Each structure stands twice: as structure tokens, then as C-alpha cells.
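Structures for review follow.
There are two complexes below, and they share subunit A, which is joined by subunit B in the first and by subunit C in the second.
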Partner chain A sequence: MTKVGRPVLGGRRLSLDWVGTLPFFVYVLLFLLLPTAIVAFGAFFDANNAFTLDNFAHLSRSYVVKATVDTIGISAVTAIVGATLGALLAYAIVTGRPNGVLRRLVVSASGVLAQFGGVTLAFAFIASIGPAGFVYLFFQSHGFDYYAGSIWLFQIPGLVLVYLYFQIPLMVLVFLPALDGIKPQWREATESLGGSTWHYWRHVAGPILFPAFLGATLLLFANAFSAYATANALINQGGPVLAQQIAGALSSEVGAVEPGFAKAIAVEMIVIVTLVTIGYSLLQRRTAKWL
Partner chain B sequence: MKLGNLWRHLAVAVVAVFVVAACGSSNSSGSASCSESTAKTATSASACGGTDGLIAAAKSEGRLNIIAVPRNWANYGAIIDKFTATYGIPITSDNPDGSSQDEVNAVQSLGTTSRAPDVLDIGKAVTLANLTLYAPYKVSTWDDIPTAQKEATGLYVQDYGGYMSIGYDSAKLPAITSVDDLFKAEFKGKVALNGNPKQANAALNGVMMANLAEGGTPNDISKGIDFFHRLKQAGNFSPVQATDATVKNGTTPVVFDWDYLNATHGADVPTWKVFEANNALIGDYYNQAINKNAPHPAAARLWEEFLYSNTGQNLWLAGKARPVRLAAMVQKGTVDQTAAANLPKVTGTPVFLTDAQATAAKNYVVAHWDAAIS
Partner chain C sequence: MAVARQSLYRSRRIKLQLFRGVTFLLAAVFFLVPIIAMLEFSTRGIHGERTLEYWRSIFSYPDLVDFNFGPAPTAAIDASLELALVTSLAMLVLLVPTMVWVRLKLRRLSRILEFICLLPLTIPAIVLVVGLAPLYNHWLSTYVSDSILTLALAYVVLVLPYCYRALDAGLGAIDVKTLSEAARSLGASWFSVMWRIIVPNISNAILNATLLSVALVLGEYTIANNLLYNNLQVELVHLARANAGVSIAIAVASLLFAFVLLIAISLVGGRPRRMRSEAVTNFGTGPVQGSAG
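Moving on to the complex of A and B:
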């Protein structure tokens, strides 16, 4: 009733602005944080629900170590190559007419292809360039056997090739807005001050685009790191990808089910992506300071 | 929720009234229908008002949930269609390409919801590891099933099976007369398994078949792992999972798989042939079991009755799988003669793995497979 109380009632403390964000946070809680917590928690229990650290000790099994190295390798290579090629393609589009046919064509194609993955994508490659595919048969009949050494499509190089098929379009989509933010006036300013093309990229466009490029590369890394169906359709044996090792420990019908171990592998994947993200933010802070 | 239950009870009541009215004059022995709670614990059709009562209760439930059942697996497509055509009960088929373990995971995660699987079709290892999940039930043809192929209370029962075989496209490859033929240069990059032996029963038995052919014993699968290691070194092993699609387009022209699955590839590839090694004849049956929390308990039991009826068993036979009642049906003359004559011919003594042998093989494969073929 006193005057002191009134500003509180009409003031910010009772604002309901946050209500609008509620669905988002509930969603994140239910579909990201809760499952993560369940997985992380479950990794500390064995089949009889007794506390154990064995699941994490099992991560030292040779096939899991190999899958970890392979998955990081595949993800890093496809992220860097995909980011580089995707950025070049995006730049080629940006230098063209803003509403030209080329730009619209590439952007809509990228939108579709970035989402093209899984068994369908793997089979598209198997049916075209695979050992019974029409492309291979054509080249073979003309004296060029690109599987003469080994059928690399079903090995890690094949996985890299197939991943790039969705990594490059994804890079185009996420990097295009950053390139659009570059104003032609900046280049004119550089030139009017006597700067060369090299100076422009080294001191103007490069530093501005670098954080965006780095962020996009990280996204590509995570995208490849978590891919499962594509890899499984292409290389069903040997489990070169960590997600396949999780599947193996979860859905074995021959009796090799180790749910706790599967969760430990999932925790390992979360830790790796977290480390990469921390590395990214440290790097970005440095580049931002440098800017 | 409440309302849904109310409607269901009402529907059951209405159907029950009609059934009782219809059967009242002809069938006086016991109730011709059975309630949901009776159906849940019924261990035979007679405990659920006899066959007629079971059918009526199943119809009032109005649905059957099955899981991990591909239509092209041992004639399941025809069996599903025939069941629905006979009883007018639609079937919801979830995750058709899933594994036995996926079925068990679904039973556990879906609990008592209406989406939970009613019935399970599972391999031996998974069956034995999850005995608390099933409801015991004896089908009316129970006595025809050999004792060694059923659990004494009907907790699970073997249903259909076959032998491991190597299928191949005879138009592209020379005839296979022994497992060692697969090392020939013509087989480069062409030999595939149906799945990953760490996960899939069919693939694990493929490794066991190679093991027996190479002089290994059912107790020790290491020679099978060594076989695939050498096949990989020779460049002949393909890491692609053999599916209908990869067989049809020629990516996997040589496939280790159950003979009843290999035989079906002939529809896509007319020159497809199936080789069964007399010195490496490994057999296995799949089990049927009822989920004890089945949302449609009567329909689940009716499905089992159907699978083990003459019609159901002859449909397995038409799919080139060997039904568990085969011997009894041959004796009684109820077997489909044409289908029986079309079964892949085998000679030699088949090996069936004991639980201990299967466990030993699994443990060895899980530890050594990835390193052997990468």
C-alpha cells in the first residue's frame, strides 16, 4: 500500500516476457538435456543396475579406440575439405548476380542435398559408381578400372566422398549469409587506399569471415561425427564409425548387448564434441581480439 | 485415457453380447468369449473360451502389433495378409528391418502402452536372455512340436528354420562347389554377409558355416574368423550388408545367408543359385513368444494359433523355410506336397549350436571380428 511497493508491481519483476521462451526451454530440457542426463547417468551402471566404471574401462578395447580415431579423422577431413570447397562455391555464387538463376539454382539444390543422407544416399553411390554400378561398368569396359587396387568406395575414402556430398551443400547454406554481409564498398575502400587483392583478403574480408568459417567447419564436423545410417549402409562390417559401435552394443541379437557400454561410447562422443567446441570458442575469442 | 478405456469396454461388451447371442444355441459348453484379463493369462485356447472365444476376443481387440518382421522374410508377407484376410484383424508392423534385440528393447521401452509389440519372433540368444518378458501359451497343435524345440510351459516355441547357405549369381560367377572356392580371383569384392556378425544372427552363423568348412568345431569359431580375415586379405570380402537391393543390382553377387532367405533372391535374379556345404551344415530355428504385457492379448494368442496351424506352417514351407511341425505334417498328410518338394535339398548331418556354443562363438566374434576384417 505504500509507494515503495508499487513500482515493484508495475515494474520489471513481474514481467511475463520470459513466457515466450518457455516452449523453447521446455523443449531443450525434454529433448536435449534429459536424454543426455539419462545417457550419462546410465553409463555408470551395469546390466544389474549396480554402479560400475567398467563401461568406461571398456572404451580402451582396440576396436573402440580404432573407431574413435577413424571417426575423428573422417569428420575432420570431411569438415575441412567440405568447408573449403563449400566456401569457394558460396563465394562464386555471391560474386554473381544477387537474384540470378545460378544463385537460386545452387541455393535450392544445396537445401535439398544438405539433407540427403542415410541409406538412400549410400545406395545412390553404390548403384552409380559402385562395383556393379553403371559408371564403373562403363569405365571398366573402356579399359579404366578404378577399383583395380581395392574397392575403396566401401572403405574410409569412400565414406569421405559420400559425406562430402552433403557436407559441401551444408557449407554453402550456412556460409552464404556471412558472405552476403561483406560489402563491396570495403573492397573499393581498400583499393582507393592502395591495397591489393591480397591486402583485402588478409586484412579485411579474411578476418571478418574467419570466425564464421570456423563456426561452419565445427558444424560440419559435428554433422559428420554423428552420422550413422550412411556409414552403416556403406561399410556394414568393422564398425569404423563410433555411432555404429553404439548400435552394435545396443541391438545385438547374438547376445552381445551392453547398454551401459553403449552409453559410455555416447558419453565419449559428447566429450569429444564438447572439447572441439571449447577449442573453437577459444580460437574465436583470439580471432575476435585480433580483429 | 479414461474415455478411451470406457469405449473399449463398451465395445467389448457389445461384441460379447452379440457373440453370446450368436453362439448361445450352438455352443453351450462354457463362455464363448473371454475378457481381457482372462486372455492375458490364458495358457491355451480352451482357457479363453475355446477357439471361437479366442477369435471373438481377438476381433473385439481389433488389432495386432508385430515388430521386426520383413515382408520378404520367409514368406511373412503372405502370412500377414492371410491372417488379416481370415480374421479381419489389421496388423501394425513396426520397424520391419529391426533385430531380435530391437524387439526386446521395444517391449521394455513401450511397457503396457497400446503400441507395445504383442508377439515376438526372436533368435535363440535373445530369447534365452529375456525369459521374464513372455507369457506362456500352448497352441492347439502343441503335441506335434518336438520336445527339444519348445519350452515346457510354452514360454517360447521354435517355429521355422533352415540351414546356412551361400547364394550366388551363376551368370556372373563360376559354380561354387566348396567354401574355399570363394578365394578365387573371380570373387573379388563380391562376398557379403547378411549383417554384422556382432549383431546379426544370420551373419554369425555365416561365420560359423565357414568355420565348420575350414575344419573348425562348433565349440571354437576362430577358424571362421580366420577364413574371413584371409578373404579380406584376398580382396574378396565386401563390407556391404547384403539386402534385396544390393543383390538385385549386383553389388553383392555372393551372399552367406539362411537358405530360405537366399532362395527368395531368385525372384529378382533368375540365375541365382544356392550352395549348401555338406561338411558345414549349420541349422537354426527362430522362436515365437507372446509379450506378457501384450496390448492385444487375445489377438497375440490367435496369431500363435495361426502360425502353428496347418495353414501357417504350410506358408512357411512355401517360403522355403522348414516349419517346426514338418515331420508331423508329413506323417499326417497335411503338408503342402509341392512346397515340400521345392525345399533346398541337403545331405549330411546338420549341426545345431547349443547355448554354450552360441555364447562362446558370440564372445569370440565380438572380440575379434572388427580387427579381422579391417
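Moving on to the complex of A and C:
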């Protein structure tokens, strides 16, 4: 008789197991759920803590509407182009040796570029094709000045280019598992039925991969939509991206500090990202049927 | 017939190799030129000669690095390194025991745990900043500390999804329940089950999660910038306005450092260890989401 059993309640032992998860749940409550709640509820209150819908009404300000449209445009373009190029690169990888050096190298490099800070990536483009970069100097000395009209690197086209630098690698990471799921037997089956390469892609591999491709595109969209660092490192005036508008409303650098307004834009972002994410997970489920 | 098929396969293989060659070439140009350009830019002298002047002068900026590690680092590189360390440790202490415990005792919580851990993916960092700002401004800086290291509290949330996936893959590859029941029946305490049984068995996943957090923290800009803390990336942007050469030198150094870290992951993760070690791979497999922007 060394150990006393746990208290018995109604024939079942009263479980205290949940205590073990307490530190974790308290932590996420404080630093994840509470901030989210502050954003979601705070958007409905003004500076004097009175209920208001003004914060959301301010979303119709022309510069916010422009930032929303621009951000959606940038995200859509970089998602579609990034997904297409990334899928091609992923296909080139997957047709090589499954555990080869090349594959590992490309996957690791993709990891760095997709995960590492946008500031560095912006600098990489300033150093290469920027007005003092060697690529520009080379073209300029050969009579081709691609900044003749304007220095577009520091405008939205430049943003799109730099975004692709992390969108394509992200696509590679997301799409590789789907491509790995394609079985060579499917191609053989198509051939034994007399199908050509075109038939195979059009009627077999294409339809199977399409949900995965679309889902990945949505993920890329959400990724670009949330991005802030790249835009801020590249374009520090005007703030073409929605995330920069939030930062602007939070700080007093431009005009008044409007925390309530910042929260309303934040809610707008959450709504859009959540919709996109739901679409992604629905497509993910569909993909899982076959791959 | 067989000959025809063979020649069909050959022409298809040639076409495929051509496609792969062209794709890799274009990808290499697109992805390597900017990185090489950073190295070129950061070693360019005023008169076009090669010089390491920028690289040497990194250490002459006290805002950047002063090797004065402590509870409230003032130099940006010191701060980011300390943040990487603190964040990784806090993440492991918080996540590993909880995930193991949920697997052992509270299986019905596993969906909720997963949902919460992946939640930060749908909340853009800038949105998190909006909610964190009152916490930091009114509470943390007043009652706890205004050291830059308090950023680690937010960074743990930021790295949660990536680390959850890495650790989940690791735990999925071993039989947590049998292992710990065996250890318990031999008289091990919960602490030694954790420390001597679970941790050694998921060491790959732990390494994976740690290196990922280090890479993410070193690259983090959004939260630090908007909560007005000077970490590595924030200081890089400041510095770029005064001295682009130095800034780009540090940027390329940190990028290559992250690259080495993740190559290390892939070497560790790719080493076949046991039957189901497939699951313990680098984060390149499985669903991922970027956080570069």
C-alpha cells in the first residue's frame, strides 16, 4: 500500500489530466487568442471605448480601397504566375532521382527563400537589378536602359518580381508532395489503352493534380496578401500594400494614430485570408482523395 | 512494335531531359543572380575595385553588433541571436510536453491542439501586431520588462505552426504510448519518460523545429518593426538608408546562414534511420506556408 488512488467520483476516476496542458493553453490564450480578440472586438470601438461602426466606414477611404485592390491584384498575379512557374520547377525536380542531391538542394533552398525574411529578398533585387546593381549597369552600358520610363523596381511591378522570389519556392514546397503522389502506373495504363501524352495530361494527371494546384495557388495568394516586410523594405513611401496601411494607422508617422481603424483593416485582412484558407482546405481534402 | 516503343521512350526521355535542363537553368539564373549580386555589391569599392571594407566595417556599428549579450541587448544582431535562442527554448518547453501529453492522455484534444497551432497561419503577422500592441505597450513594458527579448513571447506564436508540424511528424513516427507505458511500468517518472525516452526518440524532429524557429526569428521584421524594437532586419532597413553596402553584406550573410541551417535539416532529416523515419523529414514535405513577406 504505497500509493493512494485518485479520487473516485460516481464510479469514474476524476481526471486531472487536463492540468498538463494548462501552460500551453494559457500561453496561446494570452499571446494568440487575446490579441486576435482585441483586433476583432476593438474594431467596433472608438478612442473613448464607445461602440461605433465608423472604423469600418473608414475602409471606404480612397487610399484604403486602392490599397485593397492593389494588394489583391499583386497577390493574384504573383499567386498565378508563381504557382505556374513553381509547378514546372517542381515537375522538373520530381522527374529526377527521388533522394538525389539536386532535389535536396532545391528543396532546402526553397525553404530558405520561402521562409526567410522579405527584407533580405528585397535587398537581393536592389543589389542585382536596382539602379546600382550590376545587371542594370551591364544593360545600361550596352545601350538598354530598362529604367528609362521610371524606376519600376520601387513600384508595384518591382514588388511583383520580388514576391515571385518567395512565391515560386513556396509553390515548389507545397506542390512536390502532390506530384510525388502521381503513380507511373497511371501513365502506363493510359498508354495500354492507346492514350497519348496529351491524353494522359488532359484526362488523367491534369484532373488529379488540378485541385492540388488550385489549392496551392490560394495558399500563395494568402501568403502574398499577408506580406509586409518586402513591400516596406522596397517602397517606404505611399504604402501600396494593405499591411502597410495597417502599420500607418498604428503609428503616428502619417497623420493621426487610429488604432480602431488599424483594427478594422486588420479584420478586413483576416476575413479575406480566412475565406482563401477555407477554399484551400476544401481543395486539400479533394486532393487527398487521389494522392 | 517493341522497337517503335523503345524509340518513343527514347524521344520522350530526351524531351524530358531538355525540359529539366532548361527549367533548372532558368531557375538558377532567377534565384542565383540576386544572391551573387549581393556578394558583388557588398565587395564593390568606390573605384570599381574589390574590397572587403563593408564586411569589415560591420563591427564598427554599435547598433548592429557589440557582443554585449545580456537580458536587454541593445545591438540588433545580438538581440536577434538571443531572441532565436529564447524563442526556440520556449517553443520546445511549451510544445513538446503538451503534444506528448495530448497523445498519451487527451486524444480528444488533438484536433483542438492542431487547430490552435496552425491558427497563426491564417493571421497575418501585421494583424497580430495590432492585437499585440496594447499588450506590449500597456502591460508588458510597464509590469514585466521593456527588453527586446519580450518579443520572444510573440515569436513563439509565430513559429508555432511550423514547429507543430515538425514535431507532429516526429511523434507520429514513434509509438509514444507503448514507449512511455514501458518506461512507466519500469518505474520511470514522467520527467524521465520525457527526457530519457521521448526526447531522444524525436531528436530529429526537435532539431528540425529548432532550426526552423531560428531561421524564422532571424528573418522576422514585421512584428519587431511595428512594436518599435530594433532587431536584425529592422536595423538592416535603417542602415540601408545610410550605408547600403554594409546592409547588403549582412543581408547576404544572414541568408547564407539560414541556407546552411536548412541544408543541415535536410541532411539530418534525409538520413534513413528506421522503418518509419520517412515521416521525420525536413519541412519541405507536407503542407507548408511561407512567411517570407
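Assume the second predicted complex is superposed on the first by the 235 of 291 C-alpha atoms of A that agree within 3 Å, B and C clash if a C-alpha of one lies under 4 Å from a C-alpha of the other, contacts with A are read in each partner's own complex, and residues count from 1 in each chain.
Methods note: a contact is a pair of C-beta atoms (placed from the backbone, for glycine too) under 8 Å apart; a residue touches a chain by one contact, two chains touch by 3 or more.
Computed from a predicted structure; not experimentally measured.
For the composite obtained by overlaying on subunit A, subunit B and subunit C cannot both be accommodated without a clash. By the touch criterion defined above, A:V39 reaches subunit C but does not reach subunit B. Once chain A of one complex is fitted onto chain A of the other, the partner contacts of A:Y147 are limited to subunit B, with no touch recorded for subunit C. Once chain A of one complex is fitted onto chain A of the other, the partner contacts of A:G82 are absent, as it touches neither subunit B nor subunit C.
The larger set of touched subunit A residues comes from C, when the choice is between subunit B and subunit C.
Applying the stated contact rule after C-alpha superposition, one finds that A:P211 touches neither subunit B nor subunit C. By the touch criterion stated above, A:A247 is placed in contact with subunit B and with subunit C alike. Shared-chain residue A:A132: touches subunit B and subunit C both.
Contacts of A:Q237 after superposition on the shared chain: subunit B is touched, whereas subunit C is not.
Shared-chain residue A:Y63: touches subunit B; no touch with subunit C.
Of the two partner chains, subunit B is the only one that A:A256 touches; subunit C does not reach it.
The single stretch of subunit C with clashing C-alpha atoms against subunit B, selected from 115-123, 223-231 or 277-285, is 223-231.
On subunit A, the patch touched by subunit B and the patch touched by subunit C overlap at residues 123, 126-127, 132-133, 232-233, 247, 250-251.
Residues 15, 17-18, 20-21, 23-25, 27-28, 30-32, 34-39, 42, 88-89, 91-92, 95-96, 99, 102, 104-121, 123-129, 132-135, 163, 165-170, 173-174, 176-177, 197, 219, 222-233, 243, 246-247, 250-251, 259, 262-263, 266, 269-270, 273-274, 277, 284 of subunit A are the ones touching subunit C in the complex.
Of all the residues in subunit A, the ones that touch subunit B in their complex are 62-63, 66-67, 123, 126-127, 130-133, 147, 150-151, 154-155, 232-240, 247-248, 250-257. On the subunit B side of its complex with subunit A, the touching residues are 98-102, 105, 122-123, 125-126, 129, 189-190, 193, 195-201, 204, 235, 237-241, 245-246, 249-251, 253, 358-359, 362-363, 365-366, 369-371, 373-374. Those residues of subunit C whose C-beta lies close enough to touch subunit A in the complex are 12, 16, 19-20, 23-24, 27, 30-31, 33-38, 40-42, 94-95, 97-98, 101-102, 105-106, 109, 113, 116, 119-135, 153-154, 156-157, 160, 162, 212, 215-216, 218-222, 225-226, 233, 236-237, 240, 244, 247-248, 251-252, 254-255, 258-259, 262-263, 265-267, 270, 282-293.
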